[in-house]
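What follows is a set of structures for review.
Both complexes below contain chain A, partnered by chain B and then by chain C.
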Partner chain A sequence: MSSASPNTAFQLRRFEWLHVLARAARSARGRVGLGLTLAVLAVAFAGPFLAPHDPNEVGVVPAFAKPGAGALLGGDSLGRDVLSRLLAGGWQIIALAASATALGVVIGAIAGIAAAYLSGWTDNVIMRAVDVLLAFPQIVFALLLISVLGSHLWLLVLAVGLSHAPQVARVIRSASLDVAERDYVQAAAITGVRPPKLMRQEILPNLTTPLMVETGLRTTYSVIIMAGLAFLGFGFTLPDANWGYMINENRIGAAVNPWAVFAPAIVLAVLSVGVNTFAEAVTRCALTSDPTTRAALEAGEPVTAEVANADSGLSDGDRRLT
Partner chain B sequence: MSREAVVVEGLTVVTSPAGAAVVRDVSLAVRAGEVLGVVGESGSGKTTLGLSMIGHTRRGLAIDAGTIRVDGTDIRALDHSGLRAMRGRTMAYVPQDPGTALNPSRRIGSQMAEMVRAHGRSRDEARDRIAEVLADVGLDDPARIVRAFPHQLSGGQQQRIAIAMAFACRPRLIVMDEPTTGLDVTTQRKVLETIRDLCASYDVAAIYVSHDLAVVADLADRVAVLYAGELVELGPVDEVLYSPQHPYTRGLLMAVPTVESARRLVAMEGSRPPMGVGRTGCAFVDRCPVSTDRCREVHPDLVGAGSPLHHARCLLTDDAAGREQVSLRPVLGVTTPMELGAEEKPSVLAVGDLRATYGAKAVLHGIDLSIREDECVAVVGESGSGKTTLSRCIVGLHRSWTGEISLGGEALTPGVRNRSRTSLVRLQYIFQNPYASLNPRRSIGNVLMQTLERLSDLDRAARYDRVLETMDAVALPRRLLNSFPDQLSGGERQRVAIARALVVKPKLLICDEVTSSLDVSVQASVVGMLRDSQEQQSLSVLFVTHNLPLVRSIAQRVVVMRAGELVEHGDVAQVIDRPAAPYTRQLLDDLSRFGSSHRLDRVDAVADSSTTTPTDGKAL
Partner chain C sequence: MSAHQTADVGSGAVPVQRRAPRPILRMLAQRIPLGLLTIVIVTVIVFASTQLLPGNAARAVLGRDATDQQVADLEHQMGLDQAMVVQYWNWVSGLLHGDFGTSLVNGQSVSSMVGPRVVNSFTLMVLAGLIGTVIGVLLGLYAGIRQGSVLDHLLSTASLAVVSLPEFVVAILVTLTFSTSVFHWFPAVSTIPSGTRPWEDPSLLVLPTIVLVIMIVPYLFRMMRAATIEALGTEYVEMARLNGIRESRVLRAHALPNALAPVIQAIGLNLLYLAGGIVVVETVFNYPGIGQGLYNDVLNTDIPAIQFSVTFLTVFYVVVNVATDALVLVATPRKRWPR
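So, the complex of A and B:
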């Protein structure tokens, strides 16, 4: 930049977490995790358009027919095509799980950062509330809300999201405690920055790694809880297909056509494993490329950090994102 | 049997798998009973060299070439069990921080016994030996110590335990990695005396790795100077430190403040070359004030310089004319006096009867202090004296205090939140650790612009001009505007932190140990820069430090603190040359320093060493 043209917008590492994600996706572990996840997402979102039969058409094949030419995964309890129902029954669960995760992480992160930075009675109020919520098992909490307020999709999202928030708050609070004590936060405080802005501008950007990992973990739980609620018959309109309820409605015929139960169970399992594996890859990647982690390393042990930098020969150019 | 306890030949340590040399082609030998000081800036490879002598490399490093013989055994040829048998018995290690080296959940006695018994002694023998060695390191009441847990002992006692463990099996070689860095000067002095005595009485070869030249001058018989992994100078301590032959050693010494007199500290330009870059010429050529074209082409060998025991890796020391050229430059003891103005100016900051607490614990007991315009006041004291709490109270980061603090006539509230913008602008603070005081997600330009945006009414273009002006003033290249903290060196980061404070043109700057994590040469440049800014704009500085020699070179007045109280205050020259309080006198006495009268247990050492051979029988 030349001094003649004062372009005074200087860089922030606002999007470096994308860079970490990209690096994680290139690692061996990340490739496996991302591959599994994307495969299931492809099935779920492209599936409705690819289904060979109307998923709700009764009597395509005999009830619990074995897999064959007419239906690759056989028939279900009402003789509907299992493959078509499998292809059509994913997107709703995944969309709801994703929304619930987003809600839970946002609420939890705000609560966690506020508790850590404001400390004192704010911390006590937030964390004791968290303790109370944590006393309920997540699914019981969701069932409680739904049984009181009725079965609506938005309520499903709200219930699952709220049940995640306390757990996210705990993790983010402990991560923020470390960041909030750092000198750069205090340096901003003594130039008169107010707490809300300070939390948003100085603390939050340094929490991207725990936030990414937490999001991955919570996504897995959301999918499982959503599928569980569907299994119990909450929230989804029948006769539309969904993976959770498919397991429930077909379990009586599992001995005759096990695929009607296994197929949805397998995609759910693959999705969980995929998301978790990718989250693990992100964690490992972030250890070496997250500037906050690196700064912490250096503050404690300058020499070690230098050696670590020298090791990853490409880091210098790699580090600069824009 | 040879008198040489350790012989290193052609040792090269590289990063693995990248293969960049961290230590390259180092050869040296240490005799029994001798202390070799290994000095150099951070990243020079001194710790790596020390560790490799006991056959250890940190993760990510590997010994690439060379031989290491300890007590006649080539330790590179040994397998794990062979090395384990030698560690403790033949070679031992004293870490920098004994607090992390001792297991917090086990009693001292059992930890020591484990080590001693691992080398084949019975329970009773071990007990006797532990009592003996604890007495040797000067710990009174060994019976109490062996029953204690590490947290029940002070830092100095813990370090003595670590030293006792190293000496317990009567090794031939002990490697010490900055064992006194975390200790107060008085404790440091006592520990150094212990090390010195034990090395002599046990007839053990000691490698003392340190960045503190004054400590090495106090303790060592010989000094090895490392630069970028290379041995650049090696010789008797008196010759290397008082008549250095390598320009790098000379540069280091010129950057060291001395307590005897105020001097303008001279910093070396540039920074050390990146690790593992292939080069043909001298490693130091880019920073060398006397380099020639030949230095870029020819890699110098370690050759005799001045006396038979003194070697330097510099082309210029090869020939007499070159030696002349190097030696002409001023070194230690040659001082450039500084004018420290002592006019009576109005006061900027007044602190009255300041009492601060942490919870129920009182840490400051009624502090009175004032700083005048353009004045630099140093606050010195050991860890726990309350000096950092004092500065944090003033700046508003510590809120539980009573008393009065007024800045330019305006009373300051305890917390920063209720202070007026004027007082936020007038008072700026610089943190101790530049690695932690900059947000890793913000570029340098962003940090500086944002500070101005909050604390000034300038428009965008004017802010930008001010930022550039400030960067020039602290000698930060403008190209760093879009860099992030992790792309900068420690010195550059501290300059950014200083620029962040100076950019709003404050009246008072509080510096909390701002140079304690920096190398001496970087410290010299930062201190020089602070003094320049003080001259250019009307600026008062409160300089908090534990480093007395540095006080002499930067401050006009000094305040000595101990356990939350003011012990002594006055003009720097008066307090240091004629201390009134016994505590100040004690601090000054225990200070490791250059100069003959003060050596640990040596009779005499003369600055003019080209004609003098060491009188000490233990030296080579």
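So, the complex of A and C:
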């Protein structure tokens, strides 16, 4: 694929990524995704203040009581109010998933840019480390760390973030390889700009598109993995409610009060579908506003992400969502 | 390696020069050593990280009341008083000989503990993999041929939604539907009595298999759909149609062979996904496989068992990765003979 042709009319904007986000939010797909995500975020962050009961108060209603006047969604395994626990149990998972995404994208981007620009030994060492980390299925990596260091919230962020980093590093490295060879980067290097500054000022601004695509994808994964770890009961402090563990602790009573399981499952489902749908919209907008990929799109080259990914020969274990 | 010859059939838009399949060998010669290196580093990491554990394995086995002498004796017996490098070497050579150490929890040998788990997980993965692949390929092919139809839209939207759901959410929704709340057809837990094989009571396998199938179909579906649409839009398909070749033959001779590489890739990625996905799904159903085993071992900090499970899953991951890339190369002649 050729690099951007100088004739392509395209506006250079200072905060291109904000414009891409705004355009994504206006697209039909983006509106649905953002709407679903914001609805769940509202429940998760306003919920703790709206809970009708203390979410940890045992015996508000009988265990697994059916929905009724005292508890709109019934009771859970210890007779706690399911609605209150639902309202209180979201913000932690979301905050952790967001932090893990940020950590993973930052580490991955630094590693990827450094590997591409510094090349040679640095590149080799970084890419071998990437291979090794990639060999661990993400949740297995997190479980290994938890088994060694105990279950802590910060460890969940570290584990999930670290397991994202190699995937991000791969993508960013291959995107940076092309940028690193451009004339203005070479020129900056010749005038004596030090590598850290050069990577930050000359290479990084050209990586908006892959960074946005990766961030979207990683956010979706973070939600899935965090919810999974929460379900398994690792890291989160009990008896505080969280949507993942609520499903785990109440599934024995699913036949009696299905709402204790169904309600958190539905919120998690809406959250992950919403995030993924919005991420897709962002990906599409980012690809069409990037001069390189837009040229390819206009030239009628195959744009189906599935085929493009298959052709690139990446077996990341994770192109599943793109 | 005879598969490379069969893979050429039907993709012959460009007359391909017949040469020795060196690209595949070259690729394998490059990837296998790298894969082995990765596995070695993984074993070092797994070993080293579990050595960082606070506390003392021997004391963990004996309990708090043990005298220092007893602890020292057991340490000697377990080889814990030896240098780190020696311990690592003992562990790795044990792995290679099928001796995975002794469980800290029940004193059983890890190999006797994990043997049935491997069989159980493998049964589940093969079952889900086969069913999921068939369903995904057929649906993708249909949606690709009938692009834009109502069913195509429906399937595409559904696959986009399902692919982003956490496994346990799907598992819970499936359980609510088929076991506890709507229909009462299958058991909600799939605990297999020890000493029996999973296929002796197939009803236990149904729900976990359904969940894993739901998790792997969307990706295959989308790959197959995209590949079919791409192939049907090419000039040689148009040419074939203009020549009056029947549509079924166009599909068989052009569309399907071109979809082979993406489908292999998708199957590979799905297997990689399953290596992590079984942890949660098996735990939901109490299905005694490697995944649920790993979960229990982490709860019990049973280090030798954790070491084995993590190593096993990563080796599986590396092997599937290399095998997938090799097979994709086999199925894509144009990559082997670059113009």
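List of remarks:
Heads up, the rule we're going with is that the second predicted complex is superposed on the first by the 274 of 322 C-alpha atoms of A that agree within 3 Å, B and C clash if a C-alpha of one lies under 4 Å from a C-alpha of the other, contacts with A are read in each partner's own complex, and residues count from 1 in each chain.
Keep this in mind: a residue touches a chain if its C-beta (ideal position, glycine included) is under 8 Å from a C-beta of that chain, and two chains touch if they have at least 3 such contacts.
Please read all numbers here as calculations on a predicted model, not as lab measurements.
In the superposition on chain A, contact is made by A:Leu232 with chain C only, not with chain B.
In the superposed model, A:Gly192 makes contact with chain B only, not with chain C. After overlaying the two complexes on the shared chain, residue contacts for A:Glu202 are found with chain B alone; chain C is out of touch.
Of the two partner chains placed by the overlay, only chain B lies in contact with A:Glu16; chain C stays clear of it.
Of the two partner chains placed around the shared chain by superposition, neither chain B nor chain C is touched by A:Leu287.
When the two complexes are overlaid on their common chain A, residue A:Asp183 makes contact with chain B while staying clear of chain C. When chain B and chain C are set side by side, the one touching more residues of chain A is C. Common to the chain B-facing and chain C-facing surfaces of chain A are residues 302, 304, 306-307, 310, 313, 316, 319. By the touch rule above, chain B contacts chain A in their complex via residues 15, 17-18, 20, 22, 42-43, 47, 58, 60-61, 275-276, 395-397, 416, 419, 421, 424, 429, 431-433, 435-446, 449, 451, 454-455, 460-461, 463-465, 468, 478, 481-482, 484-487, 490, 497, 500, 517.
On the chain A side of its complex with chain C, the touching residues are 128, 131-132, 134-140, 143-149, 220, 223-224, 227-228, 231-232, 234, 244, 247-248, 251, 254-255, 258, 261-262, 265, 268-269, 272-273, 275-277, 280, 302, 304-307, 310, 313, 315-321. On the side of chain C, the complex with chain A involves touching residues 34, 37-39, 41-42, 45-46, 49-50, 52-53, 160-161, 163-169, 172-173, 175-176, 180-181, 188, 219, 222-223, 225-227, 229-230, 261-262, 265-266, 268-270, 272-273, 275-276, 279-280, 283-284, 294-295, 297-298, 301, 303, 306, 309-310, 313-314, 317-318, 321, 324-325, 328, 335.
By the touch rule above, chain A contacts chain B in their complex via residues 1, 3, 6, 8, 10-14, 16, 182-193, 202, 205-206, 291-292, 294-295, 298-299, 302-304, 306-308, 310-311, 313, 316, 319.
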